[in-house]
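Here's the structure we're looking at; comments come further down.
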Amino acid sequence: MVERLKRFFGDDIKTNFIFLTIIAILYPIIYVFSPGWGVVLGHGVTWISALLGFNLLFGYTGLLSFGHALFLGVGAYTVGFMYKYLGINNIELHLLGGILSSTVVALIIGPIVVRYTRIFFAIFMLAIAQILWSLYYKFYWVTGGTDGIKIPRFSILGISLEKLDFATYHHVYFYFVTGLTFILVYIMWRIINSPFGLTLKSIRDNETRARFIGVDIYRARLYAFIISAIYASITGVLAVNHHRLVTPDIAYWTTSGKVVFATLLGGARIFIGPIVGSFVFHIIESFAMKFIYWQMVMGILIIAIVILMPGGIAHLARTLVDVVVSHRRRGG
Amino acid sequence: MHIAGLGKHGEKAWYQYKLIRVYNPRETIDMLEIMDLLVRIYNIFFGASVLFLIAVGLNIIYGVMKIVNLAHPAFFVLGCYTIAGTGMGVMINIFGSSIIPLLITPPLLAAFVVAVSSLLIFPLFLFISGKGDEVQLLITYGLLLIFEDIFRLIWGSEPLRASQPFELAGSLSIGEYLIPVYNIYVIISALVIALILWIFLFKSKSGLLLRASSMDIEMAAALGANVKKVLLLTVLIASFLAGLGGGLFIPSASAMLGMSVEFLVLAFVVVVIGGLGSFLGSLVGAFIVSVLRTITLILFPELELALIYIVAIIILTLKPEGLGGGKKW
Amino acid sequence: MEVLKLLKVKKSFGGVRALDNISIALSEGEVVMVIGPNGAGKTTLINVISGYLYPDEGRIMYMGEDITRYPPLERVGKGIVRSFQLVNTFDKLTVYENILVSVLSRKKYQYAFRKILDEYTDALEETENILKLFGLSDEADENIMSISYGDRKLVDVAISFALNPKLIMLDEPTSGVATKDKDNIMEKILDVIRKTKVTSIIIEHDMDIVFRYGVRIIVMHQGRIIADGEVEEIRKNEEIKKVLLGGVYA
């Protein structure tokens, strides 16, 4: 049989794993030279999950969400509540809690929003996220309002990290998250390369035809929505453990903007796009944060990317690889 | 206590906007008397006027260009900032405290500034018209982000006020209530604007051209319309209206960061309820949303936006084309 | 055995009768070509049978079952499949994936995510066979948008065939295709129909093609069936020819 399921550069799992491995190897070197940049890499690896989740909807299902901060917020506040009310600072339980609560939230709003596409889906998500964000403010006696909920360093498998110096603590955090990300990337890759993944792509490309080959498009979109929510909430759980503070900011619309921008930057529709995007985004951000008009920069870059390089960095890289490969073939 | 979307400094303006809470702190649900009801109805009209002025521009741009302009509420907020940050001071220098010019000139100035600014980004609109909605959403979203920071860049992050006309106009006392005269002025202005717009859209030649283009832009081109000109006219009208709205609204509130998104979320509900791209829908939608806000603010103030959205989703499910009658314009 | 039976089906839009008292019976393996001038109601006929539209009056029987009010998805499940007049494919996928997604859907794998595609060898093989059947093997790895329009039409039909239909309806499979390629495509499609013996309704605008390839022909005009019979009968009937010519060239 002819091998048809070829995967291009960036879509194969090998490239993704190699990229992550390189980051994992570079991290300690970078940290030695500059702890600040080490922390930036920490942010980068933390956000991969949310971007993968966002891209499952945007790049593979054709649903553009302007409200993914909603699920980051759900993950973050699950951690906050677990610590504040139950005294749990165990990160495995945080992750479990985040997955459960985001699934519940996705099951409540999903069946409604997946019936709408385009502008309606985009703004419904934005609105629901804003509603939840406002609740974090308004119910300050539960959520701590603007001051938020402070949480201590997490523990892994019952081992407390309180007594470690910051550098060691950060290394533990980084490698824990990187390990987790390997698993999350692998699972997401399998989902996108499964029959279900192909079904999602067919819905993205042609809803009507998908319906006529026997796909229940709402059902497929709902599944994608739930998976996306879980992935985003995992970043929420990790990010607040990294910052050790839960505030409504993580659920604000600018967080959603960050998710949209970082994915576009890396390249939607190519699997490695969000992974590259997460790191590049945080590197740009750490330069731009000194500049207080960072949102403006982000807005300008979004417009520039959409107009000038709609495929993002991953697409540029793929084109480059193609050129090199075909050049070598001709040469050989 | 903090209120949705208005940030830490928002409470005061928010109370101004929902006048009833400021002027009658003792109100409870069982105090619903006739006067009370009248004041509420008056508040509904004020809220609806403001929402109409934002939503109608959103609908006109969608109607003609098929673009959902996420940055449209930022036009409105630009109008607010223009007056609160700069314009009102200039006006007071010129006119002192004579009320009539202070009522009339700020909205016109805001409208002018916003319309001119929209010219600067018109090439972007040309670029995205006819493109897929993914591109349109992303680019106008980018604009929204840019606008928010431009406000910060020019006018800083503190809330700004321009309440002189509001204070000069004074208030009428009816029973135990104080009704600000300025808000009556806003309501009347919105009605006049709606009327002029209606005459323009339905009785003038340019209006006919706009409506024809909304049906089929290629057809309109074939019939000899200059498409670029039509699109330019659309963007100018929509931004003019948004600026006018911002200039009218700002004396009774404060301009602050994050307002664009707050109004985007509200204007979108108006559009969903009224029907996307419909003039009549903007009126109907603005009114319904204003009624809903007033009711939910009495009953469940914490869940205001959530309840409005639940109603919007119910309406969208039952009547996907909205309550504006479902027909175009 | 009768696969499809329409009993006095009526459908109007506003005041216009798109389908006026249509009764048709199709036995298993039969291939019918439907011809008629623009606005004769041909596409509406397919829309009504596939569940895109519900008729105002009348009944639709399929394998002895009344399916008049069944939603489209349920009809697809029962083996009633259609293609569209305009090419309707999945534009960012390859030719191979276009057909594979259809095969997977028929096998009820459309929501399966525990295994990756490479492990579904049965579906992959079947896709390969369909490609061969339609002569598309060489273009399998191309993006669907980069192949010729005629071939995209074939892929469109192949997507429908991948669903293993018992009744297939093709809405002008050669429309928009360059004249020189029309015969080629029609031949390929009819060849597949002959091999798979599936009951088919083919709408065709082009008289020459209908008379060249048709066996049983239904002529529609202004929402009514004005003739239903063997190709020779229709060819001889001057009245019908006049309607068709008048309709096509008026």
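The chains carry the letters A, B and C, assigned in the order they are written, with residues numbered from 1 in each.
Assume a residue touches a chain if its C-beta (ideal position, glycine included) is under 8 Å from a C-beta of that chain, and two chains touch if they have at least 3 such contacts.
Fair warning: this is a prediction, and the values are worked out from it, not measured in the lab.
Taking the mean of all protein Cα atoms as the centre, the chain whose own Cα mean lies nearest is A. When you average the Cα atoms of each chain and compare centres, the chain farthest from chain C turns out to be B. In this assembly, the C-alpha centroid of chain B lies 50 Å from the C-alpha centroid of chain C. The mean-CA centres of chain A and chain C are about 43 angstrom from one another, to the nearest whole unit.
The distance from the centre of chain A to the centre of chain B, with each centre set as the mean of the Cα atoms, comes to 34 Å. Counting partners per residue, chain A has no residue that reaches two or more other chains.
Touching chain A in their complex are the following residues of chain C: 50, 72-73, 76-77, 81-82, 84, 88-93, 96-97, 100-102, 104-106, 109-118, 120, 123-125, 127-128, 137, 140-141, 159, 162-163. Residues 1-5, 8, 68, 70, 124, 127, 133-135, 137-139, 141-150, 152-153, 261-262, 264-265, 268-269, 272, 276, 302, 305-306, 309, 313, 316-317 of chain B are the ones touching chain A in the complex. Of all the residues in chain A, the ones that touch chain B in their complex are 62, 64, 66, 112, 115-116, 118-120, 122-124, 126-128, 130-131, 133-135, 137-140, 145-146, 253-254, 257, 260, 264, 292-296, 298-303, 306-307.
Listed in rising order, the residues of chain A touching chain C in the complex are 1-2, 4-6, 190-191, 193-199, 201-202, 204-206, 208-216, 219-220, 223, 269.
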